[in-house]
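One chain, subunit A, appears in both complexes that follow, with subunit B as partner in the first and subunit C in the second.
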Partner chain A sequence: MHRNKYPFIAGFLVLPVGLYLLLVIWPYIQTISYSFTDWSGASQKFSFVGFDNYKDLADDDVFLKALQHNALLLVLVPTLTILLSLFFAFMVNVGGRGGAGGVSGVKGSGFYRIVFFFPQVLSVAILAILFKAVYRGDDSGLINGSLQAVGLGDKNHPTEWLNDPDLVLWCIVFVMIWAGAGFYMVLFSAAMQSIPRDIYEAALLDGAGRIQTFFRVTLPLLWETIQTAWVFLAILSMDAFLLISTLTSQDFGGGPDHSSEVISTYLMRNFQTYSKSGYACAMGVVMLLLTLIVSIVTLRLSRRERIEY
Partner chain B sequence: MGSTSGTPGMSGVGRRDLIKRSAALGLITVPTMGFLSACASGGGDDDEKAKTVKKTKDNPFGVAKDNDLDVFIFKGGYGDEYAKAWEASFEKKYGGDVSHSGEQDVTGKLQPRFNKGNPPDVVDDSGSKKMKLDTLFKDGHLTDLTQLLDAPSIDDPSKKIRDIMLPGTIEQGTFGGKFHALFYVYAAWGLWYSNKLFKKHGWDVPKTWDQLLDIMKDAKSKGIGGLAHQGKYPYYMNIVIMDLIAKTGGMDAVKAIDNLDPKAFVGNDAAERSIEAVYEIVEKGLLMPGTNSLEHTEAQTKWNEYKAVFIPSGSWLENEQAKQTPADFEMTFLPLPLLPDSKMKLHAVRVGADEPFIVPAKAKNVPGGLEFLRRMLSKEGATDFAKKASSLSVLGPEYVDKSVELRPGIKTALAAVDNCPVPERFNFRYSEWYGELDVEIQNATGELMAKRLTPKKWLERCQKAVDKERAKGTDKNKRK
Partner chain C sequence: MTAPATQPPVTKAAVPGQRGGTRGGPGRRDGMEGKTLNAFSHGFLVLWAIMIVLPLFWILLGNFKTDSQIKSSAWTWPTEWTFDAFQRGWEKGVGDYLLNTLIVMVFSVPLTMLLGAMAAYVLARYEFFGNRFLYYFFVAGSMFPVFLALVPLYFMVDRLGMLNTYQGLILVYVAYSLPFTVFYLYSFFRTLPTAVHEAAVIDGASHTRVFFQIMVPMAKPGLISVGIFNVLGQWNQYILPLTLMQKQSGGDEDRSMLAQGLVSLMNQGNYETDLPALYAGMTISMIPVFVVYASFQRQVQSGLTVATLK
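And now, the complex of A and B:
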């Protein structure tokens, strides 16, 4: 067995590694080489321009603004989503009190589980249509209409949620959290259910309250799952393309006047609308590097000792 | 077993770690891949060109029977039903399989195909996601359509195609000194109103900007918005702004912008007065509430519901809103009213050919594509277009069969165009020529309408964008 180990393993790996090279690594290599050209995106005619695209990026105000917005999303979306879904998962699984001494979720937790998970079943396209109606800027919008119905909104000056530079990014953050929290609640729930009940019972017998149980028992035992969730959400925040491009103004989104611009929307506008595809590829490379750095840093910083149970 | 799972104390990567790391790597690659693979391009041409027969007067491009033809149509305000009629007619005449795609995301669908060298045979390259014609031209993707211009017309073989199209069509489709794109639709741009609403409130057709504002003020006092605009797309509001600049400053003002003049906006009296005038609508609260953030269809539908008096758009508006427009709405076209001391007359109107049709140079069936365009430029083609899209082609009204009844709104637009002598019709070119400049002016307009930019700052921003475009020095487009 030992002698034939490597051919055996290699046999399994040929196909996946081959596909990986073809579908992942090869496009990377192409993109990186295009980022040194003035490619227009419409033909195979182009010339090499060295690092010019990258130099231009450093002076591009819109790109820098997009970078800042990505950074903001990177901090807010994972933090808030994880906090919220942890809270939900905790309440649904072990937050309940009463009952016959057992550890259980709050009343009606089965219902909450389904309701909270529901947004996850919707595709981003449907999410966008849904929130277009929610944020619509005149009195036909769900928020504006409701506000006016209870006498809070001004009919002549409705809040133009997605056309307000101070609000638009927060509107997007809200949708991302709303859409993500349910999934991570289920993920954390599953992890919590694998924590042995006796640990909780022991904590209860020692007189620990909800908050203490959460911080002393649940959180440490969920650390690995949270770490994974963080990387996942961080990548989502680096992208955010579909949602922003469908909800906000400008070609491929990012409006009004770049106030919700992220790298991906600006990349697409350069790639398609401006026919500056080489430049767009340089942005793609920067985005790739940043995502790699964020992922590595997250995994390194959050490394802890494993607790076996 | 055992040797592949790392045990504590032993060096090497444990199985759990391996899985974790590869999972993390996979996570990173999946989302970025979408973008990067968009950049990836394939190579390789296949040279299976369509067969041809001998060229004759009836068949000037030598189209052989039973070749397939691939037609790609932008499905926007005009829909794509008209193209299906053309395709059916072409199929009847030449056989073969004529395939149809009606899409909105032109670039998304076609950029990869142009890159790979297998583009469709005919493309209607329009809409906000169109592929830029000057890029396609520079990359050698456009067939020189001069041969189409010199081909005989279907209805009267003694005339050449170039002689039956309305003036300006050839100029507009000319890149690098040669005709490369057939802008097929004859369009007019301006303001629109409901004549029913006008009659109800006893308003007269405004001739001056002040009269326009007076109507808006009166409407506001009756709970109706003065002006609706498609705020999510400032393109529409720019129709009002740019037309007012053109009418106030005359062709010199139009050329100053198109030719990237150092005084296109700042230091241009017409631009300064026009933007101040437009800003008055914002300042006096005459916009339909919330209109700044609406989609084009949302804003237009509210206008159809009498929530606003005026809306800017082109002559496709009526077709686009056909389902939402009440039967007694009486949609009416209005050339922009004038500021005092305007260089142009009241009847001056922005007219142009719209919806460029191209034949990609690398298409499999170039002769078929050319013949398709020639057949579009016939009585049958123009009549089909008028029937299905309720609009006119660049052949003008006499090529439409008398049995076709155009909708009432488009008739008012055509009457306005007829009322304007040919030399006084104007059109801008900068948005076709300079994509980034167009986006920047649109953004500035969005900010102005939301009251976040003063007219002075608007002028400065637009001028800065013009100067930036000029500094690139790569484009040599010029208007005489």
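And now, the complex of A and C:
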């Protein structure tokens, strides 16, 4: 290139980078610095309090409860979603028998691919309205109504799914899996399709059954994708804010009696309702650290020798 | 519906024999194992499909029921097929929310595409100091949950005097859509051939001109894919408008986006009893998503997986 390219580069980058710095990066950095202050959020007056917010967090029962729920989600949601979507992906890609070489999806694979993925494109608002109706606590809810239709539910004491402290978190887990499994099915499908067919054919010729094929061939070759999926799902379940805040009771969700509280809902309540913004920011930093730790641990623990093919 | 005919009838009969011939024992055992497994696995696929379709269909049916019908039992069938609920939902604010969303997206989506393409193009095709750093800097932005930035973001937008304004939300949408857009288009611009570019430069075209007249048209497939994601993503966005589009004073106009407005309608729903109207609003907001997904289903699926697998 003969002409000076730098003015052009600068001209093309200044707007996107500027906007991104101002509205995305800078707020993240500010979250960290506010976490060391007693800022209320209402005015710009605050003083530096060191690690006080963090010390308070360690004694805050609600926060500790929220942390436990986050940990539970962190284990349950990725594990169940990955198991389920792996199964789906396997069925849709290699589950069928009878094509040339014996490797093909089951009948209707194309249909399943479209339908299972659809919840992924629905907004959280839609999910909230949908599942509020599904979980409704009288027999007009889809689950209660269906249970009673087949004679399983108790008509006088229908289950209050989202108001039962023992059930509410499980209901949330179900919605997260319902919405996410299709996406990971498609993700694993893409990975499975990049596995050369002759590996499967060789396994078939050696007389491997479907279960064997899955554990001996598919799973090892998919390891890296599963790892990526785990990190994504972990970040997702760390958040869970939108779903819980819209589906459960209390300001910004978390009810009943904090039994579905997660860090994000408690953070928002501290910020918006209690005007404890500095404290809220400290929670944000804890979440940020946890997210980073989970990602690093996942990548470390699941590190295996890369299989080339 | 779209069940592909991947299994010609002939091979079906041929396979057991063929396999039995190669390896007697394991082959036959697999046949048995296969049958029970088949019934179970197929059953589960069907069950999951029902679990996805049934609730959605049930809600759609709710558009045509009366409020008391919905509340009496889950298994009622609409008696009158009228569109009254749509009209009521529309008047309760869905119409305004839809308009607000459209106003924002008419600007935010093209602006996201333009700025994202510019940044991605420069990062992908020009060597300069800090190039790699900027690229990772953009990629990192998609790693963290959005609401960690919400508290300071709120005050930043407030300081700019842009709370509850369209322009404020447009800028925020663009900023938060940039990481994915840049990331996706970066790899797309890398794959485009350099020959055309060089020819144009020799002919005396400026860098800017090369970008707009040669690279953008060539990158059209990538731009369309990422455009679909941005449309879906910004249409479904909930937390950013929830934080930034709140009425600042009593006389202030309600500039809620569709998703946000629906949730506030739902929360009022405990007091005002009109579930069919709420479901109608939900249907209205779902139709565009459904149309986009149904028409671009392949691009949506492959685009997202490509972006994730890289």
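Going forward, the second predicted complex is superposed on the first by the 280 of 309 C-alpha atoms of A that agree within 3 Å, B and C clash if a C-alpha of one lies under 4 Å from a C-alpha of the other, contacts with A are read in each partner's own complex, and residues count from 1 in each chain.
Heads up, the rule we're going with is that contacts are C-beta pairs under 8 Å (C-beta built on N, C-alpha and C of every residue); 3 or more make two chains touch, one makes a residue touch a chain.
This one's a predicted model, so the numbers in the text were calculated from it and none came from an experiment.
Asker: Once the two structures are overlaid on subunit A, check if subunit B and subunit C clash or fit side by side.
Answerer: clash
Asker: Should A:156 be classified as contacting the first partner (subunit B), the second (subunit C), both, or neither?
Answerer: In the superposed model, A:156 contacts subunit B only, not subunit C.
Asker: Is A:257 in contact with subunit B, with subunit C, with both, or with neither (first, second, both, neither)?
Answerer: First partner only, subunit B.
Asker: Just checking: does A:113 make contact with subunit B only, subunit C only, both, or neither of them? Give me first, second, both or neither.
Answerer: After superposing on A, A:113 lies in contact with subunit C but is clear of subunit B.
Asker: Is A:300 touching anything from subunit B or subunit C once the two structures are fitted on A? First, second, both or neither.
Answerer: In the superposition, A:300 contacts neither subunit B nor subunit C.
Asker: Which partner chains sit in contact with A:133 here, subunit B, subunit C, both or neither? Use first/second/both/neither.
Answerer: second
Asker: Thinking of the overlay built on chain A, is A:15 touched by subunit B (first), by subunit C (second), by both, or by neither?
Answerer: Once the two structures are laid over each other on A, A:15 reaches subunit C alone.
Asker: Which chain makes contact with more of the residues of subunit A, subunit B or else subunit C?
Answerer: Touched residues of subunit A are more numerous for C.
Asker: Have a look at where A:24 lands relative to subunit B and subunit C in the superposition and call it first, second, both or neither.
Answerer: Both partners, subunit B and subunit C.
Asker: For the superposed three-chain model, which listed region of subunit B (3-11, 39-47 or 417-425) is the one that clashes with subunit C?
Answerer: 39-47
Asker: Would you please give the residues of subunit A that touch subunit B in one complex and also touch subunit C in the other complex?
Answerer: Residues common to the subunit A contacts of subunit C and of subunit B are 2, 5, 23-24, 26-28, 30-31, 34, 41, 132, 138-141, 144, 228, 232, 235, 238-239, 241, 264, 267-268, 271, 277, 280-281, 284, 287-288, 291, 295, listed in rising order.
Asker: With touch defined as at the start, can you tell me which subunit C residues reach subunit A in the complex?
Answerer: Residues 1-4, 6-7, 11-12, 15, 19, 22-23, 25-27, 29-30, 33-34, 37, 41-42, 44-45, 48-49, 51-56, 58-59, 62, 70-75, 115-116, 118-119, 121-122, 126, 128, 134, 137-138, 141, 143-145, 147-153, 156-157, 171-172, 174-176, 178-179, 182, 201, 206-208, 211, 232, 235-239, 258-260, 262-263, 266, 275, 278-279, 282, 285-286, 289, 292-293, 297, 300-302, 304-306, 308-309 of subunit C touch subunit A in their complex.
Asker: If we count contacts the way the header does, which residues on subunit B are in touch with subunit A in the complex?
Answerer: On the subunit B side, the touching residues are 3, 23-24, 27-29, 31-33, 35-41, 43, 107-108, 111, 114-115, 128-129, 131-132, 135-136, 138-141, 231-234, 285, 288-295, 298, 302, 435-436, 439, 442-444, 446-447, 450, 452.
Asker: Report the residues of subunit A in contact with subunit C in the complex, numbered from low to high.
Answerer: So the residues of subunit A in touch with subunit C come to 1-3, 5-6, 8-9, 11-13, 15-17, 19-20, 22-28, 30-31, 34, 41, 87-88, 91, 95-100, 102, 104-119, 121-126, 128-134, 138-142, 144-146, 149, 178, 181-183, 186-187, 189-191, 204-211, 225, 228, 232, 235, 238-239, 241-242, 246, 264, 267-268, 271, 277, 280-281, 284, 287-288, 291, 295.
Asker: Which residues of subunit A touch subunit B in their complex?
Answerer: Against subunit B, the touching part of subunit A is residues 2, 5, 23-24, 26-28, 30-31, 34, 40-45, 132, 136-141, 144, 155-158, 160-165, 228, 231-232, 235-236, 238-239, 241, 249-251, 255-258, 264, 267-269, 271-275, 277, 280-281, 284, 287-288, 291-292, 295, 299.
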